[in-house]
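First chain A sits with chain B, and in the next complex the same chain sits with chain C.
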Partner chain A sequence: MSPTNAVLERVTRVPGVRGSLLISGTDGLVVAERLMDGIDGRAIAALAANLIQRLVRATAGAGMRIPTFVHLRGNTGSVLAAPGRNDLVLVALAGVDANLGLARVEMLDAVGRLA
Partner chain B sequence: MTDDIRALTARLADEPSSLAFLELGEALRRRGQVDAAYKVVRGGLSRYPGLADAHDLLGRILGDQGDLAGAFDAWADALRFDPMRSGALKGIGFLYFRAGNVEAALEHLQRAADIDPDDQSIAQALARVRAVKRATPVSTHAEPAADTIAPAPAMAGTTDVATSLFPRPENGDQGVMLVDGNGLRLSGSLRSPTNEDVGDRVAAELAGVSKEASRTAKLLGLGAWVAIAVESPEGNLFLVPPTPQTLLLTVRDSSLPMARLGLIAERAARDARAWLGVPE
Partner chain C sequence: MRALEPWVEAPLQTFLAESSARLILLMTTSGQVVAQHGFSRSFEVMTAAALGSAIVASTEELARIMGAPRFGAVVHGGSQQSCMLAAFGTPRGRWIGLVVFGTETSIGIVQLFFDQMVEELVMAAPREEPARAPLAENFEHELNASLKELFGR
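Let's turn to the complex of A and B:
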């Protein structure tokens, strides 16, 4: 198993996480993915990249550096994103019952090791 | 068909949900294939109707096609989703200039230059319009055709009104700010880590975030969006939508746990709803 797939596997093992993927932050393309059946990685990548770009501009406007972690919470689940180096962003899709704290720790650890 | 257009077309065919349509549309436009560019960007906009980049590109394409009213509308849409989009401000400035409204042209080009001071094309356009204004000092304002030029989005309100809902930031408290869907500050203030007033700039950048979050949550089956938590080395940001048309940003030092910041933000959102006269 490649290091990237090992990272995705580790994040996806967190209870409640329905899948994870590594995307290109600029153009929203999927680099690698590990998702449950029926989940469209390309849609997640495009939407997450777009939202993160907006938030990056907002944090820059506030005089802050690029976010290290982003959590979009919906009524029935969450999108988690950890921007890394080289324009890569680790993204996870989590259900409402997910252990978000563990997912965050795993993702921050993973994205640091991917760089 | 050139190699880059062929490659971009193949990429878009392979990944229709990607943002490759932007590159392809621009490549086609630059080659003068504006009808093809129009179709590509329209297709992309049907998938990403809130993407300011796409509206901006559509404005350039329509401008190339001579549809100036359409170009104006497209650039106005781009500014609705991203009021800091200098390309759209430049485009609208150009349209005002063509319509003879030098003052409005100057205003838009100056805003574009403030946002993007390194863009030489904006600086040159600004210099050209200023030269025209100097050459015709008595009356440079011609009423634009009603179907061509419409009012541009307004800028933020005054500081006095904007700080009335929330207390001023204290130590570790970088601010709380209520923003409308057009990126205008309704209330509150925001300070950067170096204590600069960055409220209006951040408010403008937040335009469209609520729609983007709503679209993302809906398309990914997450229901309605509830909050966005953003961690940065210099501070934590928490965004909540007190109403569908507004966004509340709370910023604190990164030493404050995010969950606690969420509680503070929820309390501020309740205050905002009361201030807006929206029942709980």
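Let's turn to the complex of A and C:
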């Protein structure tokens, strides 16, 4: 298993996490993904990257540092994102029953290991 | 935004709103313009249409020589502006979309909403093409009428 897939496997193993993907932050394209059937990784990559880009611009505009973790909470679940080095962003989709604390720890640890 | 046929307008408008693309040109594979947004001069549109259709023809031929299926899209990435060219099938034949976008959006977003626009165009396209007189008789008149429609003058 490649290091990238190992990272995605670790995040996906967290209870309640429905999938994870590594995306290019600038292009909004999928680099690697591990998702449940029926989840459109391409759409998530495009929209999550767009969200991160806007947040980065907003925080930079406010004179703040780039966010290290983003949690977008919805009625039926959450989108978690951790921007990393080399323009990569680790994204996870979690259900309402997910262990978000563990997911956050795993994602921050994983994104720190990515080259 | 200008379109030769009204059913093209709604999908195109949605695409422009969602993708934040700067320019778009929809044309047939022979380079005939169907709709455009963002171009101000007819000369630019005609040049872009001719070049775009030629690029798609070249890449499709390249794919054929390589024994590969058609390429989905051709993307030219730039530091300030990028360009995507993609051909797709409609009930009215094969069309090409040329999209120019800047750093305010991304290729992922543009591709995502472009594919959505293609689905909407395919659903909205009338199945029956209106009957037209042979090209040779009406060519100049039709060309002028199309340019007038696309540029409003």
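Everything that follows uses one rule, which is that the second predicted complex is superposed on the first by the 115 of 115 C-alpha atoms of A that agree within 3 Å, B and C clash if a C-alpha of one lies under 4 Å from a C-alpha of the other, contacts with A are read in each partner's own complex, and residues count from 1 in each chain.
Keep this in mind: a residue touches a chain if its C-beta (ideal position, glycine included) is under 8 Å from a C-beta of that chain, and two chains touch if they have at least 3 such contacts.
Since the structure is predicted, the reported quantities are computational estimates derived from the model, not experimental observations.
With chain A as the common reference for superposition, the partners chain B and chain C occupy clashing space. Put chain B and chain C next to each other and count what each touches on chain A; the higher total goes to B.
Contacts of A:13 after superposition on the shared chain: neither chain B nor chain C is touched. Judged by the touch definition given at the top, the superposed model places A:71 against chain B, while chain C stays out of reach. After overlaying the two complexes on the shared chain, residue contacts for A:50 are found with chain B and with chain C alike. In the superposition on chain A, contact is made by A:79 with chain B only, not with chain C. In the superposed model, A:29 lies in contact with both chain B and chain C.
When the two complexes are overlaid on their common chain A, residue A:93 makes contact with chain B while staying clear of chain C. Once the two complexes are laid over each other on the shared chain, residue contacts for A:58 go to chain B alone; chain C is not touched. Once both structures are laid onto chain A, the chain B stretch out of 38-46, 164-172, 200-208 or 236-244 that overlaps chain C is 38-46.
Judged by the document's definition of touching, chain A residues 27-29, 42-43, 45-47, 49-50 lie at the interface with chain B and also at the interface with chain C.
Listed in rising order, the residues of chain A touching chain B in the complex are 27-29, 40, 42-51, 54-55, 57-79, 93. Here chain A touches chain C in the complex through residues 23-24, 26-29, 42-43, 45-47, 49-50, 53, going by the rule given at the top. Of all residues in chain B, only 15, 17-20, 48, 51, 84, 174, 190, 192-194, 196, 198, 201-202, 204-206, 208-209, 212-213, 215-217, 219-235, 237, 251, 258 touch chain A in the complex they form. Listing the residues of chain C that touch chain A in their complex gives 105-109, 111-112.
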